[in-house]
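One structure follows; several queries about it will come next.
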Amino acid sequence: MFRCFSSIRSASGKVGFIGLGNMGGPMAMNLVKKGEMDLLVFDVNQESVDKLASAGATAAAEPAEVAAECDRVVTMLPNSPHVESVYSSLLTTASPGTLFLDCSTIDPAVAQKMALLCAEKRTIFMDCPVSGGVGAATAGTLSFMVGGPSDEMEAAKSVLEFMGAKVFPCGDVGTGQVAKICNNMMLGISMLGISETLNLGNRLGLDPAVLSQIINAASGRCWSSDTYNPVPGVIETVPSSNGYKGGFGTTLMTKDLGLAQDAATASQSPIPLGSIAHQTYRQMSSNPKFADKDFSSAYAFLSEEKLIPDES
Amino acid sequence: MFRCFSSIRSASGKVGFIGLGNMGGPMAMNLVKKGEMDLLVFDVNQESVDKLASAGATAAAEPAEVAAECDRVVTMLPNSPHVESVYSSLLTTASPGTLFLDCSTIDPAVAQKMALLCAEKRTIFMDCPVSGGVGAATAGTLSFMVGGPSDEMEAAKSVLEFMGAKVFPCGDVGTGQVAKICNNMMLGISMLGISETLNLGNRLGLDPAVLSQIINAASGRCWSSDTYNPVPGVIETVPSSNGYKGGFGTTLMTKDLGLAQDAATASQSPIPLGSIAHQTYRQMSSNPKFADKDFSSAYAFLSEEKLIPDES
Amino acid sequence: MFRCFSSIRSASGKVGFIGLGNMGGPMAMNLVKKGEMDLLVFDVNQESVDKLASAGATAAAEPAEVAAECDRVVTMLPNSPHVESVYSSLLTTASPGTLFLDCSTIDPAVAQKMALLCAEKRTIFMDCPVSGGVGAATAGTLSFMVGGPSDEMEAAKSVLEFMGAKVFPCGDVGTGQVAKICNNMMLGISMLGISETLNLGNRLGLDPAVLSQIINAASGRCWSSDTYNPVPGVIETVPSSNGYKGGFGTTLMTKDLGLAQDAATASQSPIPLGSIAHQTYRQMSSNPKFADKDFSSAYAFLSEEKLIPDES
Amino acid sequence: MFRCFSSIRSASGKVGFIGLGNMGGPMAMNLVKKGEMDLLVFDVNQESVDKLASAGATAAAEPAEVAAECDRVVTMLPNSPHVESVYSSLLTTASPGTLFLDCSTIDPAVAQKMALLCAEKRTIFMDCPVSGGVGAATAGTLSFMVGGPSDEMEAAKSVLEFMGAKVFPCGDVGTGQVAKICNNMMLGISMLGISETLNLGNRLGLDPAVLSQIINAASGRCWSSDTYNPVPGVIETVPSSNGYKGGFGTTLMTKDLGLAQDAATASQSPIPLGSIAHQTYRQMSSNPKFADKDFSSAYAFLSEEKLIPDES
């Protein structure tokens, strides 16, 4: 039934983009610069809009205007309520066959609900959450985890490829979100786990740099030990070696672990470590010393060493 | 003070080996075959002794005889009480300068205690626990994590190199054990974490093989996802694809997590995830369905799917 | 604004009751027998309706009919979706001033949403979840935790008093549910905690009956130790002494812990023990041996003793 | 064999007391004043000794002197190593039949080891840890949990009764300690659980005083909710209403949870909630804001409210 939709769309037509924040801004910029697309953009922040406009994009007055003029629309929004609100506006003007690519990280159940609402208007919704931070968004090297109809995957890729290096088809709509929150739950567990481990070793007289080297050559190896080590000085280029500034914030990790917990409770899946990782990051989030730091500051939290100055 | 010891020892002299079990047997065999060493061995199991004897080793009647004749002695024993018992016998006959290399996995505090007792007799104790299973022991590709005086490290390597591929100097005596239990605690956390994660994804409609592929290319990557995946069929050569038979048993993982917990309690180090991993493996260990299976059966435990037949 | 509503209602008028299950059935019966009320009832199960009818209640054909004829309506339904569905029907016919007393255990956020929908129709919604099981429902000795406008509390009590022994005013609408899920989270924590404790003591050689007696006279005392002890034989009249049959089921406890987890995640409240209690009951719920047993079977789950026959 | 021992002892003979700290001091004082006993005391702190001496006790120069002159000796020491050290001295001079009553809180395994050493000298060791703080020690209303031979229980009571209100016979030697650490593990779980619960309710709009009242009348009731409530102002006479000063310190609770964890690991008993309670109190203990406060400050820790002034 939806098979014919992609053929309706004009590959050379306008592409819409809603949500020009820290991530969305550079993503939209890549569509303009690398994709040479005719972009119609919207954001509540005028400054963000002006930046894109000066690069060649056109500014829309409201989301509904974007949907009225574009048959491919990318959205990049902070959370589920924003997505619900924006799409209720978009769907008032969207033409049948319009392809919506939502790059926000939201509850998979909300993604499925959006897909149903879109289907009622004979439009297509695909969830395409990203992996990679502001740096990858700027460089156009994000990874996209995409859920939605397989016969629209090529159409999705034709837009996403200008913003990222990899596109992972995951399955039905919502599974892009599932992949994202599952990866991030595992990331939270690994980071907290390696922080506990390196702190334990340190208290028992084993240098964290030496222990990291051993673990990286052994079965405890993980991305959080070999690429994003949480102990200051072990890897020079990551946030832990820069006062835990920048990177992926503790509050964002807490948000993603909350989404994982919600999905696990709803699907009756046991997640003993995911739950405790969630609770521990919850405590860090409510502590002003860690709330706005990189999530690898779990090491500083557990070690109780003075790794973060009090005035920060 | 101990500096001169290694020069006393005869590089061509007899080497002792005590503990010829599943791991110790093939390790001793490599000293005979690859190392071409004159080996004096002891074990309570006569069959194990005969096997080594037929390969060229000499059998000792008791541990004290081994210490009386050898200035380098390797021990590979099941747990702390065995180590305490064997060394109380060894030290009755050991000559000053004897080098003891203990490859058992034991409490770091017991290793330090042994080192003190050895020092009273002017002998050297180094803890050298191994990473890698029976296969690596047979192939001579184990990794050794070694704690003890740095000026004896070369002497230790001259024996260990015939049994393993890597030797990691860790620091003072006991830190070899610390490295071992820290790595294995992280391993237990990773394995339980990835099991939770892949089960959660599966219940939400995402194929574990697809999710594993995504995680392996992203920040949730770990040895338990990319090398030893716990979901049957994702990697064909690991225990999960063979009914969780073989590999590293649930009860052994539980033992190591118990050592980590003891060390953490004694050193007042917080290990929230390590504690819950310990408790979860504890529950698996008391369930006959999981107790003798590979530790990756955590996936079967959490998913409650019929991955392990009831009769097993 | 709502102040005048209670005066509109006729104290002698018909009272509606929707949901005549294990709990709702005996509750409605008490309104008829003890309250001598003229009851209009609805349930999808005809047998349940007949039972009430033979006691003097009138049967309605659908929920909307109940709301059309009654200005006081009690609802007792299994979960949030049922409540949402029934009220969407009730509100099509309800007159302004109608008082809805919802005794279901649901998400506090859903209770607040229902209250808003009711307010749009100028009717009153109060959440009145109960404490106590089928026995207390039959005896009319339930406790009600009530959230809603304080000037309607007397009107609520005039109905609830025939079904229960205590009415606790909690605050704004939704706080009745908050009280219920908070109490039950604490109950789940206590029960699991005392089960761990008595099992640990038992393994260390201390008779659970003796330990229970000591704890009951000391600072570890709780309802789960002194009134509902989970070890068979310590208290003869509770489910643990009857093969863990009857009582408050493991799956119901898991549901309530899931509601507590959802509320904690949404309100960003740390609940480390509540999360682990949730995860442990989650595992019990997916095990056929424990799923339909009383929640005190946590002791049997942890002790791994053969307290529940395999055939059960 | 030991049956005749109690008859050897002189009920009117000297009684020894070693360890005159915060708890031991007032306990010894009660033996002098209420028990009218002829007391021979020892402590490393001269001031503590002087206080007892001025009340009528005699000072000994060393522990061995106490054992040489008394056939009943009470010990009250900080931890296992102190106990091991003091008894190694006491046993050099103790006469056969001497009754040792150790009121310290230590590892049950150490109590059993002490009993064996005492038996070798044909003396009796009973473990008698106490419940109740400095107030109860002064008032003579402690509870004693006593492990050891049942035919010595009367002899033990004849001393303990002047220091406490209750004596609970628990079973074989070591079970007194088991009862103590089991009760305190349950206490730690209850306190942390009720703190989570009241904080969750508070964030959801339910007054902690109201919620406490409801829980105290329902199935979530526990000593930590109805007698020692952790929310300031709910009960005026407990530490939470006095800036969490006094009471039972966070570090002491952490010590007891560590003993429970050690005993659980050694006996292979699962304690999921006990482990997380231990880890959470571990984190509190390493935070200067909570380390020296009453253990009910778990509420302040979780709520992140400014319940404890920064300067404290």
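Order as written gives the chain letters A, B, C and D; numbering starts at 1 within each chain.
Criterion: a residue touches a chain if its C-beta (ideal position, glycine included) is under 8 Å from a C-beta of that chain, and two chains touch if they have at least 3 such contacts.
Note that the structure is predicted; figures quoted are calculated from it, not measured.
The set of chains in contact with subunit A as well as subunit B comprises C, D. The chain with its Cα centroid farthest from the Cα centroid of subunit D is A.
Averaging Cα coordinates per chain places subunit C and subunit D 40 Å apart. The distance from the centre of subunit A to the centre of subunit D, each centre being the mean of the chain's C-alpha atoms, comes to 52 Å. Residue numbers of subunit A whose C-beta contacts span two or more other chains: 268-272, 276, 280, 283, 286, 302.
Against subunit C, in their complex, subunit D makes its touches with residues 108, 131, 143, 145, 166, 168, 170-172, 174-175, 178-179, 182-187, 189-190, 192-194, 196-201, 203-207, 210-211, 213-215, 217-225, 227-228, 260, 263-264, 267-274, 276-277, 280, 302. By the touch criterion stated above, subunit A contacts subunit D in their complex at residues 272, 276, 283, 286-287, 302, 304. On subunit C, the positions that touch subunit A within their shared complex are 254, 258, 261-262, 265, 268-272, 275-276, 278-280, 282-283, 285-286.
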